[in-house]
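Given below, in the form of C-alpha coordinates, are the structures.
In the two complexes that follow, subunit A is the common piece, with subunit B as its partner first and subunit C second.
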Partner chain A sequence: MTQKIIISKAGYNILTETNVNNLIFSSDYNTLKYATTGTINVTGNYADYYHTVAAVPPFFPATYWNRAEATVAHGLGYTPYFSGYMEGTAFRAQTPIYFGDFIYSGYHSVYADSNYLYFTAVFNAEYSTGTYSFTYYYRIFKNNTGL
Partner chain B sequence: MIIFYDQKSGKIEGTIDGRVHSEDHLKMWVGDKAKTERLIVNWKPVKDYKDEKGNLIAQDYEPEHEQKELWVGLENRKNNIYDYKVDVKTKLLVKK
Partner chain C sequence: MTQTIRVSKAGKNVLTESNFNNYIFYSDKNTFKILATGLLTSQTVDANPKTFTVAHEQSVTPNFFAFCEFPDGKVATPNSKDYTYQPYSSDGYGQFDVEVDATNLYFILTKPSSNYNVNIRYYLFEGSL
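== the complex of A and B ==
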(Lines of atoms letter the chains of each structure in order from A and count residues from 1; the text may use other names and numbers.)
(Lines give C-alpha, C1' and ligand atoms only; values in the text may rest on other atoms or scores of the structure.)
Protein backbone atom coordinates (compact mmCIF):
# COMPACT_ATOMS: atom_id res chain seq x y z
CA MET A 1 0.00 0.00 0.00
CA THR A 2 1.33 3.41 -0.96
CA GLN A 3 1.74 5.72 2.02
CA LYS A 4 0.54 9.31 1.67
CA ILE A 5 -0.04 12.39 3.75
CA ILE A 6 -3.24 14.21 2.87
CA ILE A 7 -5.01 17.08 4.64
CA SER A 8 -8.45 17.81 3.31
CA LYS A 9 -10.62 20.87 3.65
CA ALA A 10 -13.48 20.71 6.14
CA GLY A 11 -16.26 18.48 4.91
CA TYR A 12 -14.12 16.33 2.60
CA ASN A 13 -13.01 12.78 3.30
CA ILE A 14 -9.25 12.29 2.89
CA LEU A 15 -9.77 8.61 2.04
CA THR A 16 -12.02 9.26 -0.92
CA GLU A 17 -11.49 12.85 -2.08
CA THR A 18 -9.73 13.07 -5.46
CA ASN A 19 -10.28 16.73 -6.38
CA VAL A 20 -7.08 18.56 -5.42
CA ASN A 21 -9.04 21.79 -4.98
CA ASN A 22 -10.64 20.23 -1.94
CA LEU A 23 -7.30 19.39 -0.33
CA ILE A 24 -5.06 21.63 1.78
CA PHE A 25 -2.04 19.36 1.35
CA SER A 26 -1.30 16.18 -0.53
CA SER A 27 2.05 14.41 -0.73
CA ASP A 28 1.06 13.38 -4.27
CA TYR A 29 1.98 16.91 -5.39
CA ASN A 30 5.29 18.73 -5.22
CA THR A 31 5.47 21.84 -3.05
CA LEU A 32 7.62 24.95 -3.12
CA LYS A 33 10.70 24.59 -0.94
CA TYR A 34 12.31 27.76 0.33
CA ALA A 35 16.06 27.84 -0.11
CA THR A 36 17.11 31.43 0.44
CA THR A 37 15.72 34.87 1.11
CA GLY A 38 17.54 38.16 1.12
CA THR A 39 17.95 41.62 -0.33
CA ILE A 40 20.06 43.36 -2.94
CA ASN A 41 20.72 46.98 -3.81
CA VAL A 42 21.01 48.10 -7.41
CA THR A 43 22.93 51.34 -7.55
CA GLY A 44 24.41 53.58 -10.19
CA ASN A 45 25.55 57.04 -11.15
CA TYR A 46 23.17 59.34 -12.96
CA ALA A 47 26.17 60.53 -14.98
CA ASP A 48 26.34 57.10 -16.63
CA TYR A 49 23.03 57.63 -18.47
CA TYR A 50 22.80 55.96 -21.87
CA HIS A 51 20.32 58.31 -23.54
CA THR A 52 18.96 61.80 -23.04
CA VAL A 53 15.87 63.58 -24.26
CA ALA A 54 16.24 67.33 -24.65
CA ALA A 55 14.01 69.69 -22.72
CA VAL A 56 10.93 71.13 -24.40
CA PRO A 57 10.07 74.30 -22.46
CA PRO A 58 7.99 75.26 -20.67
CA PHE A 59 6.61 71.87 -19.57
CA PHE A 60 9.12 69.14 -20.32
CA PRO A 61 12.51 69.02 -18.60
CA ALA A 62 15.51 67.26 -20.06
CA THR A 63 15.50 63.62 -18.99
CA TYR A 64 18.27 61.06 -18.75
CA TRP A 65 17.83 57.33 -19.24
CA ASN A 66 19.64 54.95 -16.96
CA ARG A 67 20.06 51.22 -16.76
CA ALA A 68 21.65 49.29 -13.91
CA GLU A 69 21.89 45.65 -12.97
CA ALA A 70 23.13 43.62 -10.01
CA THR A 71 23.25 39.89 -9.47
CA VAL A 72 22.81 37.22 -6.85
CA ALA A 73 24.94 34.14 -7.57
CA HIS A 74 22.65 31.36 -6.32
CA GLY A 75 24.98 28.44 -7.14
CA LEU A 76 22.21 25.92 -7.77
CA GLY A 77 23.30 24.88 -11.25
CA TYR A 78 19.76 25.06 -12.61
CA THR A 79 17.16 27.77 -13.09
CA PRO A 80 15.23 27.82 -9.83
CA TYR A 81 11.74 28.95 -9.07
CA PHE A 82 12.17 32.48 -7.72
CA SER A 83 10.41 35.73 -7.02
CA GLY A 84 11.60 39.32 -6.65
CA TYR A 85 10.05 42.34 -5.00
CA MET A 86 10.89 45.99 -5.27
CA GLU A 87 10.85 48.19 -2.19
CA GLY A 88 8.92 51.40 -2.55
CA THR A 89 8.44 54.15 -0.02
CA ALA A 90 5.44 52.43 1.56
CA PHE A 91 4.98 49.22 -0.41
CA ARG A 92 6.55 46.07 -1.77
CA ALA A 93 5.68 45.26 -5.36
CA GLN A 94 6.36 42.00 -7.12
CA THR A 95 8.50 42.36 -10.23
CA PRO A 96 8.29 42.95 -13.10
CA ILE A 97 7.01 46.46 -12.49
CA TYR A 98 6.36 49.20 -14.99
CA PHE A 99 5.24 52.69 -14.14
CA GLY A 100 5.03 55.80 -16.23
CA ASP A 101 3.49 59.18 -16.77
CA PHE A 102 3.89 61.80 -19.48
CA ILE A 103 7.50 62.55 -18.49
CA TYR A 104 8.93 59.78 -16.34
CA SER A 105 8.85 56.02 -16.57
CA GLY A 106 10.65 53.05 -15.13
CA TYR A 107 10.88 49.30 -15.46
CA HIS A 108 12.15 46.92 -12.79
CA SER A 109 12.60 43.22 -13.39
CA VAL A 110 14.26 40.08 -12.08
CA TYR A 111 15.27 37.18 -14.28
CA ALA A 112 17.34 34.05 -13.72
CA ASP A 113 19.56 31.43 -15.26
CA SER A 114 21.36 28.45 -13.81
CA ASN A 115 23.92 30.64 -12.04
CA TYR A 116 22.40 34.01 -11.22
CA LEU A 117 19.39 36.10 -10.44
CA TYR A 118 19.62 39.41 -12.33
CA PHE A 119 17.97 42.53 -10.91
CA THR A 120 17.50 45.24 -13.51
CA ALA A 121 16.33 48.83 -13.26
CA VAL A 122 15.64 50.92 -16.37
CA PHE A 123 14.26 54.42 -15.84
CA ASN A 124 14.54 58.05 -16.75
CA ALA A 125 15.14 60.97 -14.42
CA GLU A 126 15.73 64.66 -14.41
CA TYR A 127 19.23 64.26 -13.01
CA SER A 128 22.58 63.77 -14.70
CA THR A 129 24.70 63.87 -11.55
CA GLY A 130 24.62 62.05 -8.22
CA THR A 131 23.74 58.45 -7.44
CA TYR A 132 20.60 56.33 -7.31
CA SER A 133 19.73 53.16 -5.46
CA PHE A 134 16.88 50.63 -5.57
CA THR A 135 16.33 47.88 -3.03
CA TYR A 136 14.90 44.51 -4.01
CA TYR A 137 13.89 41.47 -1.98
CA TYR A 138 14.36 37.99 -3.40
CA ARG A 139 13.01 34.55 -2.65
CA ILE A 140 14.75 31.52 -4.15
CA PHE A 141 13.19 28.08 -3.94
CA LYS A 142 14.92 24.74 -4.30
CA ASN A 143 12.50 23.70 -7.01
CA ASN A 144 14.07 23.22 -10.42
CA THR A 145 11.83 24.76 -13.08
CA GLY A 146 13.38 22.48 -15.70
CA LEU A 147 13.70 25.47 -18.04
CA MET B 1 22.50 36.86 8.17
CA ILE B 2 25.22 37.36 5.61
CA ILE B 3 25.95 40.92 4.54
CA PHE B 4 27.79 41.76 1.32
CA TYR B 5 29.53 45.11 1.30
CA ASP B 6 31.84 47.17 -0.86
CA GLN B 7 35.46 46.34 -0.02
CA LYS B 8 36.52 49.99 0.01
CA SER B 9 33.54 52.02 1.19
CA GLY B 10 31.70 49.50 3.35
CA LYS B 11 28.46 50.28 1.50
CA ILE B 12 26.06 47.38 1.86
CA GLU B 13 25.19 45.75 -1.46
CA GLY B 14 22.94 42.91 -0.35
CA THR B 15 22.05 40.24 2.17
CA ILE B 16 21.18 36.60 2.67
CA ASP B 17 18.71 36.09 5.50
CA GLY B 18 18.98 33.42 8.16
CA ARG B 19 20.45 32.50 11.53
CA VAL B 20 22.51 29.47 10.58
CA HIS B 21 24.01 29.30 7.14
CA SER B 22 24.50 26.05 5.29
CA GLU B 23 26.94 25.29 2.49
CA ASP B 24 24.20 26.33 0.04
CA HIS B 25 24.29 29.87 1.41
CA LEU B 26 28.06 30.01 1.68
CA LYS B 27 28.52 29.33 -2.03
CA MET B 28 26.15 32.17 -2.94
CA TRP B 29 27.27 35.73 -3.59
CA VAL B 30 25.29 38.96 -3.75
CA GLY B 31 26.76 41.69 -5.95
CA ASP B 32 30.07 41.89 -7.79
CA LYS B 33 32.41 39.33 -6.22
CA ALA B 34 35.50 41.27 -7.31
CA LYS B 35 34.40 44.35 -5.39
CA THR B 36 32.58 43.00 -2.36
CA GLU B 37 33.36 41.25 0.89
CA ARG B 38 30.95 39.40 3.12
CA LEU B 39 30.24 39.48 6.82
CA ILE B 40 28.73 36.24 8.14
CA VAL B 41 26.90 36.41 11.44
CA ASN B 42 25.55 33.07 12.64
CA TRP B 43 23.40 32.68 15.72
CA LYS B 44 24.54 30.39 18.53
CA PRO B 45 22.59 28.67 21.31
CA VAL B 46 23.01 30.46 24.65
CA LYS B 47 20.43 28.78 26.87
CA ASP B 48 19.05 25.23 26.96
CA TYR B 49 15.60 24.22 28.14
CA LYS B 50 15.22 20.62 29.31
CA ASP B 51 12.31 18.50 30.50
CA GLU B 52 12.22 16.67 33.83
CA LYS B 53 14.15 13.76 32.27
CA GLY B 54 16.95 16.04 31.08
CA ASN B 55 16.02 15.91 27.40
CA LEU B 56 16.72 19.07 25.47
CA ILE B 57 13.40 20.55 24.36
CA ALA B 58 14.31 24.12 23.31
CA GLN B 59 17.15 26.59 23.04
CA ASP B 60 17.54 30.38 23.02
CA TYR B 61 19.79 31.74 20.27
CA GLU B 62 21.58 35.04 19.87
CA PRO B 63 23.79 36.56 17.15
CA GLU B 64 27.48 35.74 17.39
CA HIS B 65 28.49 39.38 17.08
CA GLU B 66 29.20 42.16 19.55
CA GLN B 67 26.31 44.27 18.15
CA LYS B 68 23.71 41.68 19.20
CA GLU B 69 20.70 43.95 19.62
CA LEU B 70 21.30 45.57 16.26
CA TRP B 71 21.40 42.18 14.52
CA VAL B 72 18.22 41.07 16.27
CA GLY B 73 16.59 44.23 14.96
CA LEU B 74 17.81 43.46 11.45
CA GLU B 75 16.27 40.03 11.57
CA ASN B 76 12.85 41.25 12.68
CA ARG B 77 13.15 44.21 10.31
CA LYS B 78 12.94 46.85 13.03
CA ASN B 79 16.29 48.03 11.69
CA ASN B 80 16.84 48.61 7.98
CA ILE B 81 20.17 47.19 6.87
CA TYR B 82 20.53 49.89 4.24
CA ASP B 83 20.59 52.58 6.93
CA TYR B 84 24.01 51.18 7.88
CA LYS B 85 27.38 50.52 6.34
CA VAL B 86 30.22 48.25 7.42
CA ASP B 87 33.35 49.70 8.99
CA VAL B 88 35.80 47.76 6.84
CA LYS B 89 38.42 47.69 9.60
CA THR B 90 36.35 46.75 12.66
CA LYS B 91 33.59 44.84 10.78
CA LEU B 92 31.03 46.71 12.88
CA LEU B 93 27.87 48.22 11.44
CA VAL B 94 27.78 52.00 11.64
CA LYS B 95 24.84 54.30 10.95
CA LYS B 96 25.21 56.20 7.68
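== the complex of A and C ==
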Protein backbone atom coordinates (compact mmCIF):
# COMPACT_ATOMS: atom_id res chain seq x y z
CA MET A 1 0.00 0.00 0.00
CA THR A 2 1.31 3.42 -0.95
CA GLN A 3 1.43 5.70 2.06
CA LYS A 4 0.73 9.41 1.79
CA ILE A 5 0.44 12.51 3.90
CA ILE A 6 -2.71 14.45 3.12
CA ILE A 7 -4.28 17.43 4.89
CA SER A 8 -7.69 18.41 3.57
CA LYS A 9 -9.53 21.67 3.82
CA ALA A 10 -12.21 21.83 6.51
CA GLY A 11 -15.23 19.74 5.59
CA TYR A 12 -13.44 17.39 3.20
CA ASN A 13 -12.60 13.76 3.90
CA ILE A 14 -8.97 12.95 3.22
CA LEU A 15 -9.86 9.32 2.55
CA THR A 16 -12.23 10.09 -0.31
CA GLU A 17 -11.48 13.60 -1.61
CA THR A 18 -10.14 13.52 -5.18
CA ASN A 19 -10.11 17.24 -6.02
CA VAL A 20 -6.63 18.58 -5.30
CA ASN A 21 -8.08 22.07 -4.80
CA ASN A 22 -9.76 20.80 -1.65
CA LEU A 23 -6.50 19.69 -0.09
CA ILE A 24 -4.19 21.88 1.95
CA PHE A 25 -1.30 19.49 1.46
CA SER A 26 -0.79 16.26 -0.41
CA SER A 27 2.49 14.39 -0.62
CA ASP A 28 1.50 13.39 -4.16
CA TYR A 29 2.34 16.91 -5.34
CA ASN A 30 5.50 18.94 -5.31
CA THR A 31 5.47 22.54 -4.09
CA LEU A 32 7.68 25.58 -4.58
CA LYS A 33 10.36 25.78 -1.91
CA TYR A 34 11.80 29.11 -0.90
CA ALA A 35 15.53 29.60 -1.15
CA THR A 36 15.86 33.34 -0.66
CA THR A 37 14.40 36.74 -1.36
CA GLY A 38 16.01 40.12 -1.77
CA THR A 39 16.24 43.59 -3.22
CA ILE A 40 18.78 45.08 -5.60
CA ASN A 41 19.31 48.42 -7.32
CA VAL A 42 20.34 48.86 -10.92
CA THR A 43 22.23 52.11 -11.17
CA GLY A 44 24.07 53.97 -13.88
CA ASN A 45 25.16 57.25 -15.39
CA TYR A 46 23.08 58.87 -18.08
CA ALA A 47 26.34 59.81 -19.78
CA ASP A 48 26.93 56.13 -20.57
CA TYR A 49 24.08 55.98 -23.09
CA TYR A 50 24.59 53.68 -26.07
CA HIS A 51 22.37 55.45 -28.60
CA THR A 52 20.82 58.86 -29.11
CA VAL A 53 17.79 59.92 -31.10
CA ALA A 54 18.00 63.46 -32.40
CA ALA A 55 15.46 66.06 -31.41
CA VAL A 56 12.59 66.88 -33.76
CA PRO A 57 11.46 70.39 -32.78
CA PRO A 58 9.14 71.65 -31.57
CA PHE A 59 7.62 68.50 -30.01
CA PHE A 60 10.29 65.85 -29.60
CA PRO A 61 13.43 66.39 -27.49
CA ALA A 62 16.63 64.48 -28.07
CA THR A 63 16.57 61.20 -26.13
CA TYR A 64 19.36 58.97 -24.93
CA TRP A 65 19.11 55.17 -24.70
CA ASN A 66 20.65 53.44 -21.72
CA ARG A 67 21.14 49.83 -20.71
CA ALA A 68 22.22 48.88 -17.20
CA GLU A 69 22.46 45.65 -15.28
CA ALA A 70 23.04 44.27 -11.81
CA THR A 71 23.51 40.67 -10.74
CA VAL A 72 22.81 38.54 -7.69
CA ALA A 73 24.77 35.33 -7.12
CA HIS A 74 22.33 32.65 -5.98
CA GLY A 75 24.94 29.92 -5.51
CA LEU A 76 22.65 27.02 -6.34
CA GLY A 77 24.66 25.58 -9.22
CA TYR A 78 21.53 25.15 -11.34
CA THR A 79 18.94 27.48 -12.82
CA PRO A 80 16.20 27.85 -10.21
CA TYR A 81 12.55 28.78 -10.39
CA PHE A 82 12.53 32.54 -9.83
CA SER A 83 10.40 35.64 -10.05
CA GLY A 84 11.29 39.32 -10.28
CA TYR A 85 9.52 42.56 -9.54
CA MET A 86 10.31 46.17 -10.38
CA GLU A 87 9.41 49.16 -8.25
CA GLY A 88 7.82 52.09 -10.03
CA THR A 89 6.74 55.46 -8.72
CA ALA A 90 3.57 54.10 -7.13
CA PHE A 91 3.58 50.38 -7.82
CA ARG A 92 5.53 47.16 -7.86
CA ALA A 93 5.02 45.04 -10.95
CA GLN A 94 6.15 41.59 -11.92
CA THR A 95 8.85 41.59 -14.55
CA PRO A 96 9.15 41.84 -17.43
CA ILE A 97 7.54 45.23 -17.55
CA TYR A 98 7.28 47.55 -20.52
CA PHE A 99 6.08 51.11 -20.34
CA GLY A 100 6.17 54.06 -22.64
CA ASP A 101 4.52 56.96 -24.34
CA PHE A 102 5.17 58.65 -27.65
CA ILE A 103 8.63 59.81 -26.54
CA TYR A 104 9.88 57.71 -23.64
CA SER A 105 9.87 53.98 -23.04
CA GLY A 106 11.49 51.42 -20.79
CA TYR A 107 11.90 47.68 -20.48
CA HIS A 108 12.79 45.98 -17.20
CA SER A 109 13.42 42.27 -16.91
CA VAL A 110 15.07 39.56 -14.84
CA TYR A 111 16.97 36.54 -16.15
CA ALA A 112 18.75 33.61 -14.55
CA ASP A 113 21.37 31.00 -15.18
CA SER A 114 23.05 28.45 -12.93
CA ASN A 115 25.01 31.10 -11.07
CA TYR A 116 23.23 34.46 -11.15
CA LEU A 117 20.08 36.46 -11.48
CA TYR A 118 20.47 39.33 -13.97
CA PHE A 119 18.41 42.50 -13.58
CA THR A 120 18.34 44.62 -16.71
CA ALA A 121 16.98 48.09 -17.39
CA VAL A 122 16.70 49.39 -20.96
CA PHE A 123 15.18 52.84 -21.37
CA ASN A 124 15.49 56.23 -22.96
CA ALA A 125 15.60 59.58 -21.22
CA GLU A 126 15.98 63.25 -21.95
CA TYR A 127 19.14 63.42 -19.90
CA SER A 128 22.76 62.78 -20.82
CA THR A 129 24.21 63.71 -17.44
CA GLY A 130 23.51 62.63 -13.87
CA THR A 131 22.68 59.22 -12.44
CA TYR A 132 19.68 56.89 -12.28
CA SER A 133 18.61 54.01 -10.09
CA PHE A 134 15.89 51.35 -10.34
CA THR A 135 14.86 49.01 -7.54
CA TYR A 136 14.04 45.35 -8.11
CA TYR A 137 12.77 42.61 -5.82
CA TYR A 138 13.27 38.92 -6.36
CA ARG A 139 12.31 35.52 -5.02
CA ILE A 140 14.37 32.44 -5.68
CA PHE A 141 13.01 28.97 -5.10
CA LYS A 142 15.07 25.82 -4.71
CA ASN A 143 13.12 24.07 -7.46
CA ASN A 144 15.50 23.21 -10.29
CA THR A 145 14.11 24.18 -13.69
CA GLY A 146 16.52 21.80 -15.41
CA LEU A 147 17.47 24.56 -17.86
CA MET B 1 -10.45 22.47 19.84
CA THR B 2 -9.17 23.13 16.34
CA GLN B 3 -5.95 21.29 15.69
CA THR B 4 -3.30 22.48 13.28
CA ILE B 5 0.01 21.15 12.02
CA ARG B 6 2.77 23.73 12.05
CA VAL B 7 6.47 23.60 11.25
CA SER B 8 8.25 26.82 12.14
CA LYS B 9 11.55 28.13 10.88
CA ALA B 10 14.55 27.58 13.14
CA GLY B 11 14.40 29.82 16.19
CA LYS B 12 10.65 30.43 15.99
CA ASN B 13 8.19 28.98 18.51
CA VAL B 14 5.22 27.27 16.84
CA LEU B 15 3.09 27.92 19.90
CA THR B 16 3.53 31.68 19.87
CA GLU B 17 4.75 32.78 16.44
CA SER B 18 2.21 35.07 14.79
CA ASN B 19 4.06 35.91 11.57
CA PHE B 20 2.99 33.46 8.90
CA ASN B 21 6.26 34.03 7.01
CA ASN B 22 8.13 32.39 9.86
CA TYR B 23 6.49 29.03 9.18
CA ILE B 24 7.79 26.34 6.83
CA PHE B 25 4.38 24.70 6.88
CA TYR B 26 1.07 25.79 8.38
CA SER B 27 -1.94 23.62 7.83
CA ASP B 28 -4.36 26.54 8.01
CA LYS B 29 -2.93 27.79 4.71
CA ASN B 30 -3.12 26.12 1.36
CA THR B 31 0.07 25.04 -0.42
CA PHE B 32 0.47 25.96 -4.07
CA LYS B 33 0.66 22.45 -5.46
CA ILE B 34 2.46 21.66 -8.69
CA LEU B 35 0.22 19.29 -10.64
CA ALA B 36 2.58 18.65 -13.51
CA THR B 37 5.75 19.92 -15.11
CA GLY B 38 7.42 19.36 -18.46
CA LEU B 39 10.58 20.11 -20.38
CA LEU B 40 10.94 20.81 -24.09
CA THR B 41 14.51 20.64 -25.32
CA SER B 42 16.23 21.92 -28.46
CA GLN B 43 13.16 23.44 -30.02
CA THR B 44 14.04 25.28 -33.23
CA VAL B 45 12.54 28.69 -33.81
CA ASP B 46 12.43 28.71 -37.60
CA ALA B 47 9.39 30.88 -38.25
CA ASN B 48 8.22 34.28 -37.04
CA PRO B 49 6.41 33.69 -34.82
CA LYS B 50 6.96 30.03 -33.98
CA THR B 51 4.46 28.25 -31.71
CA PHE B 52 5.19 25.07 -29.76
CA THR B 53 2.00 23.40 -28.54
CA VAL B 54 1.76 21.05 -25.57
CA ALA B 55 -1.44 19.33 -24.41
CA HIS B 56 -1.70 20.01 -20.66
CA GLU B 57 -4.23 17.19 -20.03
CA GLN B 58 -6.01 19.08 -17.26
CA SER B 59 -9.80 19.25 -16.97
CA VAL B 60 -9.67 23.03 -16.62
CA THR B 61 -7.63 25.92 -17.98
CA PRO B 62 -4.81 25.68 -15.46
CA ASN B 63 -2.59 28.10 -13.62
CA PHE B 64 0.80 27.93 -15.24
CA PHE B 65 4.25 29.39 -15.34
CA ALA B 66 7.16 28.76 -17.69
CA PHE B 67 10.77 29.56 -18.38
CA CYS B 68 12.67 29.74 -21.65
CA GLU B 69 16.40 29.28 -22.08
CA PHE B 70 17.82 31.18 -25.03
CA PRO B 71 21.05 30.17 -26.84
CA ASP B 72 23.13 32.50 -24.65
CA GLY B 73 22.18 30.38 -21.60
CA LYS B 74 20.03 33.08 -20.01
CA VAL B 75 16.63 31.90 -18.79
CA ALA B 76 13.67 34.27 -19.20
CA THR B 77 10.12 34.40 -17.84
CA PRO B 78 6.99 34.74 -20.02
CA ASN B 79 6.59 37.92 -22.08
CA SER B 80 10.34 38.57 -21.91
CA LYS B 81 12.60 39.54 -24.71
CA ASP B 82 15.93 37.77 -24.61
CA TYR B 83 18.74 39.02 -22.39
CA THR B 84 20.60 40.86 -25.12
CA TYR B 85 17.62 42.96 -26.17
CA GLN B 86 18.09 46.67 -26.60
CA PRO B 87 16.47 49.03 -29.08
CA TYR B 88 18.59 50.25 -31.98
CA SER B 89 20.70 47.11 -31.75
CA SER B 90 20.85 44.15 -34.11
CA ASP B 91 21.62 41.81 -31.21
CA GLY B 92 19.06 39.44 -29.80
CA TYR B 93 17.06 36.34 -30.57
CA GLY B 94 13.42 37.15 -29.91
CA GLN B 95 10.58 37.26 -27.38
CA PHE B 96 9.04 34.43 -25.33
CA ASP B 97 5.27 34.43 -24.72
CA VAL B 98 2.97 31.77 -23.27
CA GLU B 99 -0.77 31.29 -23.71
CA VAL B 100 -3.15 28.65 -22.39
CA ASP B 101 -6.65 27.41 -23.13
CA ALA B 102 -8.70 24.44 -21.94
CA THR B 103 -6.60 22.02 -23.97
CA ASN B 104 -3.10 23.28 -24.61
CA LEU B 105 -0.19 25.41 -23.57
CA TYR B 106 1.22 27.53 -26.39
CA PHE B 107 4.82 28.69 -26.26
CA ILE B 108 5.31 31.47 -28.78
CA LEU B 109 8.68 32.82 -29.84
CA THR B 110 9.50 35.56 -32.29
CA LYS B 111 12.34 35.33 -34.78
CA PRO B 112 13.52 38.77 -35.85
CA SER B 113 16.48 37.35 -37.75
CA SER B 114 18.22 33.94 -37.71
CA ASN B 115 16.88 30.59 -36.57
CA TYR B 116 17.75 29.63 -32.99
CA ASN B 117 17.09 26.86 -30.47
CA VAL B 118 15.42 27.14 -27.08
CA ASN B 119 14.69 24.93 -24.08
CA ILE B 120 11.42 25.45 -22.21
CA ARG B 121 10.34 24.35 -18.74
CA TYR B 122 6.69 24.68 -17.74
CA TYR B 123 4.75 24.16 -14.52
CA LEU B 124 1.02 23.55 -14.06
CA PHE B 125 -0.38 24.58 -10.70
CA GLU B 126 -3.62 23.77 -8.94
CA GLY B 127 -6.64 25.91 -9.57
CA SER B 128 -7.99 27.23 -12.83
CA LEU B 129 -7.93 30.51 -14.69
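Just so it is clear, the second predicted complex is superposed on the first by the 142 of 147 C-alpha atoms of A that agree within 3 Å, B and C clash if a C-alpha of one lies under 4 Å from a C-alpha of the other, contacts with A are read in each partner's own complex, and residues count from 1 in each chain.
Operating definition for what follows: a residue touches a chain if its C-beta (ideal position, glycine included) is under 8 Å from a C-beta of that chain, and two chains touch if they have at least 3 such contacts.
Only a predicted model underlies this, so the values are computations on that prediction, with no experimental measurement involved.
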Superposed partners subunit B and subunit C on subunit A - clash or fit: fit
Which of subunit B and subunit C A:I24 touches, first, second, both or neither: second
Contacts of A:H108 with subunit B and subunit C, given as first, second, both or neither: neither
Dominant contact partner of subunit A by residue count, subunit C or subunit B: C
Partner chain in contact with A:A35 - subunit B first, subunit C second, else both or neither: first
Distance of closest approach, subunit C and subunit B, by C-alpha atoms in Å: 6
Residues on subunit A lying within both footprints (that of subunit B and that of subunit C): none
Complex contact set, residues of subunit A against subunit C: 7, 9, 20-21, 23-26, 29-32, 50-51, 65, 67, 79, 81-84, 95-96, 105, 107, 109-113, 118, 120, 122, 124, 145-147
Sites on subunit B touched by subunit A in the complex: 2, 11-18, 24-25, 27-33, 81-82
Partner subunit A, residues of subunit C touching it in the complex: 5, 25, 27-35, 37, 39, 65, 67, 69, 73-77, 79-81, 83, 85-89, 119, 121, 123, 126-127
Subunit A residues touching subunit B - in the complex, by the definition given at the top: 35-41, 43, 70-75, 133, 135
